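Presented sequentially are two complexes of subunit A, the first with subunit B as partner and the second with subunit C.
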Partner chain A sequence: MSKRKVKDQQLTVGQCVCQVHRILRERFCFQKLPSAPVGLESQHKHLLELLKRTAIHGESNSVLIVGPRGAGKTMLLKSVLNELLDVKEVKSNILLVQLNGLLQTDDRIALKEITRQLNLENVVGDKVFGSFAENLAFLLEALKKGDRSSSRPVLFTLDEFDLFTHHKNQTLLYNLFDISQSAQTPVAVVGLTCRVDVLELLEKRVKSRFSHRQIQALSPMDFPQYVELVQQQLSLPQEFPDGRFAHEWNNSVKALCEDKSVEDVLRKHFNLSKDFRSLHMLLFLALSCVTPSNPTIKPSLLLEASRLCTMDCKANMLHGLSILELCLIIAMKHLNDHYQDEPFNFEMVYNEFKKFLQRKSHSVHSFEKPVVIKAFEHLQQLELIRPVDGSASRTQKEYQLMKLLLDHTQVMEALQRYPQCPTDVKQWATSAFG
Partner chain B sequence: MSRYFTRLKMKRCYKWGGRPSLCNRKFKSCYYEYVVLCKPDCNKGKWAEVQWFVHFSEVPYNRRKLLGRTPHPQEIFLYEDRTCDGEIDAETIIGSVEVEHLPPDASFPETGQKGTLYFKLCWDTKAFKVVDAEGRHLDDKTPLVSVSVAPTTRVLPTPDATVMKRALSVTLSRVSASAGKLAASEVESGHSASKLSASKFLSRRRRGSCDSTPGVRKKLDLNSEFLISVLLFCTHRAEELPEVSEQTDITPRSKRKSARLVSSRIRKQLNLLNAGEDQVFEDDSGDECFVPSKKDAGSTSEDEESGQAESEDEGISVKKRRLAASCRTPRSSRKAPASARTPHKSSSKKPRTPRHATPGIPSRSLPARKPGNVLEEARARLHVSSVPDSLPCREQEFQDIYSFVESKIVGGNGGCMYISGVPGTGKTATVHEVIRCLQHASEQDELPSFRFIEINGMKMTDPHQAYVQILQKLTNQKATADHAAALLEKRFSNPAPQKETTVLLVDELDLLWTKKQNVMYNLFDWPTRRYARLVVLAIANTMDLPERIMINRVASRLGLTRMSFQPYSFKQLQQIITSRLNQVKAFEEDAVQLVSRKVAALSGDARRCLDICRRATEICEHSSSRQPGSGLVGMAHVMEALDEMFSSSYISAIRCASTQEQLFLRAVIAEFRRLGLEEATFQQVFVQHRALCRMEGLQPISVSEGLAVCQRLGTSRILLLEPSRLDLLLRVRLNVSQDDVLYALKED
Partner chain C sequence: MPDQLEHLPRLTHLLPCREAQIKTLLLLLGEPEHYSYPSIFIYGHRASGKSHVTLTLLKELKMPHVVVNCVECVSLGLLFEHVLLSLFGSSHTSLPRGPSLSDFVRLYRQLCSEDPAKQTRYIVLDHAELLRDMSANLLPGFLRLQELVEDNVTVIFLSEIVWDKFRPNTGCFEPLLLHFPDYSKVELQQILAQDSCPSYSPELYSSYISILLGVFYSVCRDLRELRHLAALNFPKFCEPLEKGEAKESDAHKLWRNIEPHLKKAMQTVYLREVSSVQWEEQQQKEEKEVGELRGLSAYTHVELPYYSKFLLIAAYLASYNPARTDRRFFLKNHGRIKKTNFLKKHEKTSNHLLGPKPFPLDRLLAIFYSVVDSRVAPTASIFSQISSLVTLQLLTQVGHDDQLDSPKYKCAVSLGFVRAIASDDLHQHALRWTADHRTLHLRHHPVGSHPTSCCLWVRCGPRAAVWEPVCVQRRGIPRQPPALDQPQLCVDCAPAWHWLR
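Moving on, here comes the complex of A and B:
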């Protein structure tokens, strides 16, 4: 009996952990919008009012949302749209057109997409007919026919706005902004971009027609807020089926955030970047180690996740090299030291390597030159070294000038961790003279 | 009655001018062709020579007012068109009607016989003319037989109940008379008649006649074709004959296919009919069948109709029409191809572009809300899109352009004018205002009428599209660019009577630049032609555009009539805002002045000025909801709006960057100073960065992380980076001045 009871309990823990995974993954993978934008309240209000005015009063507007990657621009827009479409007066009125600079790479595609999304009359099924010129004329005619009070407002969202500025003559942007500044169908043009200098990309007439409204998606967040955010992101909601488990989980999360080592990890991350995506990455890695047998997030998990996140990829690559290749890298490092980062060629490296073999080496055998060349080429394939610009293929392979794409610290760090690295190689690396 | 009988059997001849044996049998359909019967030709057998008449409703809408009076309901017009067939199949003749010729000045008899039709004038597809009675060989009273000729058309008669009744009464009585064969087809007629609004009447008749000829039913299927064609024939319009024959040549295949398809469908329907005749008459869909849309009645051109063929209503009627086509008697083969021409249009199911799609945005379900308070009112007025009553501060320019265009219109010659000015100085608005005034003047008959056409270099995909757009706006024709250029060339170089002056506004002229500059060349060359009567107003941003980008022959044709719009001064901007607000008290005086001074100092762009004012009203609304103030837009609000729009976003972006990003920027500056250059590689900067980390007591970051930080700054364009995988050798430059970076970093 008691045995069975225990088994039941374990099962519930398993289910609970399953639930935790589901809820938190939804959060971290951006499937679910947060209920309120964090740190962007005023921007949220501004945008919401602006779009509401378009929908309700038929006032044309244009606005740009500018912010670094991962600052929550799309989240801001999406949550505003969600809220906007909840208003009944708006929902039945507004037409939505969503474009992305990465998908609509020129005006022709963009126009077809707009016509398709607006469901205008020259759309049959899913296809838009007519030439580019006809489409443009048709769309402009359609938008011109409307007026402020009678036709439905159209909301254009242009994701990756800066890419639209590279279209020929900026025709699309000119026309959209021109409509927004003339008595035609009311439109709201919302652009999202991560480029701060986006206004300088606009051509002067396009710029003049743009209303110069910019919403900066920048949150002046400080560290305590960041920690609070982490805690909030990890906490389980009230609606969690198992109240006791949720309580325990939330307590453990709270304890986690107060832990000293965790704070260090978080501070390091915070210093590196404030964006949500990298934070989610970190938490996600930690979360994936949570199992029924280990049903809480422990500081060690977070430390491990942080280590994975901040790992240096180049140094990791060095671990997979052979001793010969490693020796060549060390030779290059010495050459760099000697000649102040001047480029080198294979012969110089080979020479340096031979000197090492003659003087100090006990464990490394002498290799034939073709073998060394092969190793050298492998390094080039791994992009640990790259040829200097301009010294093209005309020169013989052995004399082609190269540069090392590794920092000294990376080389040394890799040597420390290299499994069973011969001591004479290590010594050679650390010695000041080659 | 006997007359029909005999005629059908080809035994009796009709004499011209002969009295009808039965005067009370009249036939009237709405789109009749009336026929004067004459010599029945033995060789031809079934052909009768006819003369055509049209009803007033047949006359195209736009010509109707040529009559100059309202037509008498029983008036018809002699139809004179050489393209019409003078001969028809006698089989298709339905009945007779009396037609009386009246002298042009005589009035219509009030108490004329109900079925008698009168004609005074003839209609030759262009104008009404007086009929010369002798030439027509018409007696005062001529018995006419209403005839159905060439079977169907896309144009349907209006469901004139009385007409149809009569028509059917004729048919039916004939049917009963001719017994056997014809009576059989009567059921069929009932079917098609059910499509008419007179269906009830018919049903009564039909049943009656059916009862009278009970043995007939069997033959239904065999003869069912005949009457349908006859009935539908009355819908024919004379004008269509020529077109029809053309059409048949074009698409014989599809027609036949669809016809076959439809005929099988029709057969099915007919079988159904035989089973339950009464059902037929409850069939409502039939009613729509003969209800033409308004357009239908008036349309004459091929194009219009083909577009309509897609509409739902027509779909049905077309189906019925196909029925006629498929069921036609072999004897009436001459008209058959025509009847089949509609199906090929509607039967094609594959999606294609609607040629006449009308552009339009759906209208909103709820009305737009009106501005509620003073601030909202002010905001609506300040929106760039709202058209002001007058354009202040551009009086001089307005006057110049006005007099230029006016003189050209009055003089009937052409000319060019080049207008330049930075964006937002009211160039396009002023020209539009001029045109509005001129149009008003020409409406008042103070000026000869003229046409205004506008093209915009930004609103076309290719400079050569300019021709297409001009041609389309001028003549509503569509053509390719080359063809359009040729047509325009012809139009502007050939003399034409009563040509009105065309005023062409070319906005964003610089985008019409091509390598050979032929578009620009043509635009400025046409006005110099003797008969062109074209005035070109070209607008662009740069003052020296003619000198800079135009080759000599283009610049020379553009001429020296130039005008340049200066940026607005702060006084003018102030005046613009005040005039726009127009007594709506929403702004403090100082606030308006601040905005206008600031904008005038920066660009003199009126759009900017209005946008800032609009934003300021929003800010004011915000703050007043928090703390009630005067309700007016004050200095503070304007300052905030100005800050938002003009302040550099770089500084706020740097301030909100993460610690490592800020450190990296500092390292970049330190490295620049060390090198004395404005450029460094990532490797060099990273050394500095690590040193700075140590100084700040932060844990040094790895190269990967450092590179990530650098790239992040690069995507927001605070740093400029090379776009390749250069890794450590990546060259780094600052996109902001060093002072700005230091200023932004100092405050923390």
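Moving on, here comes the complex of A and C:
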């Protein structure tokens, strides 16, 4: 036994790194639940209390969890549910219906899904119902006990709650909230949304049936806590097979978080957004570069990951344009400067380009108009320019009004980075008049 | 533990010039048993190897994957069925008719519970920008598919449009962005030189490629297109070699032979105005008839009835000249016109930049009568020709179709087109355009007259017998209609005038 233990504790570096990847990837990619919610303790307690009242005492409730994307709303709900289902009497009693606004796009599909999750398909059979409410009432009736005195509590969770408000007449929401108001069946309705103004989306009759209980999933995290979180997210747990490796790894992570350049990177990210998802993406990118030949996370990896995260996509695309397309972009930029962002058409751009060719071009040769049109269309295809709304589709394509979707600075930056950019084109771009 | 990077040399050999991208992807995908990031968004220009690299990688590493080209999926059903079939085999997929994302996820979970993932499954969606046009919940759904189905699955999106254009209003799960940069000129040369012809030396082919890139690189960086052009024009390049007129070392001679040819290819094949087959045919009979084949831009294929041509010319004049100037151009006694401030300020920006203006039917007909030679009665046939021009989309009707009393039209053809039909077979009249003079003049132009003369001839009024000469260089019209034997002409025009008489 002791011999095996010793053997277990000395894995090769390759095996250790493999284990590190397994654990951390599960954390960053699969969003494995942490043992305790970070920064949302009070909300956790609140929600748990609320759901317990439904599950144990048969009290109806409705609540909305509001918070920005990646703030941990789903994590909060899942960890509460986990804890709730650990209680034995709850587990045998409660029924769970999980709906998602992305999946259940209308009430018919939602009702089918509810039936399925309540395992009532065979009870419903081929029955035809007059209305949605009738159908739902039948489903809940079917859950009652033999003597019809009490019913099992049902917990509805609605992910992407705001999408449910777009359903016709908001029938589903109306009925759910209505049941939660009247004392027919104990239900709890938990909605998750990232829209703060979600109550404005509800119809009056739906809104009046909602309890107006909201839980804000906003963590008041400051920067030191954020760094601590990073360290915690990267650390290996106690039960890692190779204790010595885990110790070394955790030490290196600690050193990493104290590094000055890393701190700058993290502060930049913290100022942009402090949600978990973007942090996980950053850490995942850094983690992916950890290999057996390079078994620790170094500051340079994190710097590289941060560079990848914050790259400007449009500048990247501008880098790959041909000279002709770049010239057209510059011509559009000049038109925008002259006419204060008025829309332009192809003929104007072509005219501007021709003026450049006549006046100061040495390196760019003149092209046939159809060739230029093709380049222009390619720009449109890449969605760097966009037709102005309402400009009739019946106009000739040369005269269709367009808007440039690039910034002045983006163009200039792209020009600086462009490989082997001819000097006269550069000068044309920087000159004040086209 | 097998290191992911051990595959790198083999893959780099298969996929030249994409080493950095392969490495990043390999590291991101990681070990097959581990989780990978739920969604990866790969973007880059066309033919920068996005699909090729991804597919080769998945195939070589033997990962369970499915590739869906969104262009092929006209309905959601096709898309879902394809994914389920490829990932779980054909045995028991029973999607309902017109399936929703909900059905797909339910079925996926069901199949997945029967056959849990041992390795990460990959769903590759090529041309992902088309997902935006399908139902609104599809893209956000696929982005967080891993969470929805709770399986070890990663969705890879491939697109040439940046991610910013995908993000829905209220946001969604952010994918991992990965950029495939374009090939540099050197890399293009290296890749293109790989398809060298066995009967010639690789050096020759490589020099051919550098000539080709010299012509096309400033316009086109699309590897696929360049490759096609290279294959198409290579026989022409080799022609002097086969005939024995040049040796492989005569680089300059070969270059002189092929360069004009490539330039012509840019105006035809590159624009898809002629097909590749037509282009090859044309290359073979090149010696006999030079420069016969032009594409659409030559407008050679347009056959219109006699009066339709005049109607189209009149429509062009009406669309691009301000209505105020009609008097001046088409009337015999147009009265005194001040030379200064001839055009109002807003008219100074040329209509050729702003596009055609709409005009009423009456104006079209008035100009038509003054332009056409003989006496034409306004019969039904003229009007039906107008409506057939609308059907041909040479004119467009503005406003409602049911407007009967004074319909308005716009000319939908370019100057080149009008010029082409004017010079086509109207052997007496040719259209001549004066550089940015904003007017189109009809010139009395007997065959063989001096083409460089600056004299323009404007016919004064409908069916008038007198032609009024206008001199471009003076940019004015003589106040008095000149007698035919004593025209007022500038020195340059006088010889031409005498020659005409």
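Everything that follows uses one rule, which is that the second predicted complex is superposed on the first by the 395 of 434 C-alpha atoms of A that agree within 3 Å, B and C clash if a C-alpha of one lies under 4 Å from a C-alpha of the other, contacts with A are read in each partner's own complex, and residues count from 1 in each chain.
Criterion: a contact is a pair of C-beta atoms (placed from the backbone, for glycine too) under 8 Å apart; a residue touches a chain by one contact, two chains touch by 3 or more.
These figures come from a predicted structure and were not determined experimentally.
J.: Report for A:Ala183: first if it touches subunit B alone, second if subunit C alone, otherwise both or neither.
T.: A:Ala183: touches subunit B, not subunit C.
J.: By the touch definition at the top of the document, which applies to A:Asn271: first (subunit B), second (subunit C), both, or neither?
T.: First partner only.
J.: On the A-aligned overlay, A:Leu118 touches which partner chain: subunit B = first, subunit C = second, or both, or neither?
T.: The answer is first: A:Leu118 touches subunit B but not subunit C.
J.: Would you sort A:Leu96 into first (subunit B), second (subunit C), both or neither based on which partner it touches?
T.: neither
J.: Pick one for A:Leu85: touches subunit B only (first), subunit C only (second), both, or neither.
T.: So A:Leu85 meets neither subunit B nor subunit C here.
J.: Going by the contact rule set out at the top, does A:Leu218 touch subunit B (first), subunit C (second), both, or neither?
T.: After superposition on chain A, A:Leu218 lies in contact with subunit B alone.
J.: After the superposition on A, what does A:Arg69 contact: first (subunit B), second (subunit C), both or neither?
T.: After superposing on A, A:Arg69 lies in contact with both subunit B and subunit C.
J.: With both complexes superposed on chain A, which partner does A:Cys194 reach: first (subunit B), second (subunit C), both or neither?
T.: both
J.: One more residue to check, A:Glu383. First (subunit B), second (subunit C), both or neither?
T.: A:Glu383 contacts both subunit B and subunit C.
J.: Once the complexes are superposed, what residues of subunit A are shared between the subunit B interface and the subunit C interface?
T.: 69, 194-195, 311, 313-314, 383
J.: Okay, in this complex, where on subunit A does subunit B touch?
T.: Residue list for subunit A touching subunit B: 49, 56-60, 66, 68-69, 89, 92-93, 95, 107, 118, 120-122, 124-125, 127, 129-130, 132-133, 136-143, 145-146, 148-154, 169, 171, 174-175, 178, 180-186, 194-197, 204-205, 207-209, 211-214, 216, 218-220, 268, 270-274, 310-315, 341, 383, 386, 403, 405-407, 409-410.
J.: For subunit A, which residues count as touching subunit C in their complex?
T.: My answer: residues 12, 14-15, 17-18, 21-22, 25-26, 28-31, 69-70, 74, 100-105, 109, 113, 116, 162-163, 194-195, 277-278, 281, 284-285, 288-289, 291-293, 308-309, 311, 313-314, 316-317, 319-324, 345, 347-348, 351, 364-365, 367-368, 370-371, 374-375, 381-383, 394-396, 398-399, 419-420.
J.: Can you list the subunit C residues touching subunit A in their complex?
T.: Those residues of subunit C that touch subunit A are 1, 3-5, 27-28, 30-31, 33-38, 43-45, 48, 100-102, 105-106, 135, 137, 140-141, 144, 146-148, 152, 160-165, 170-174, 176-179, 181-182, 184-185, 217-221, 266-267, 270-271, 273, 295, 297, 352-356, 396, 412, 414.
J.: Hey, which residues of subunit B end up touching subunit A in the complex?
T.: Its residues touching subunit A are 351-354, 357-369, 371, 376, 379-380, 383-387, 422-424, 458-462, 465, 468-469, 508, 511, 541, 605, 607-608, 611, 614-615, 618, 644-645, 649-650, 652-653, 655-661, 683, 686, 698-699, 701-705, 708-709, 712, 715-718, 725, 727-729, 735.
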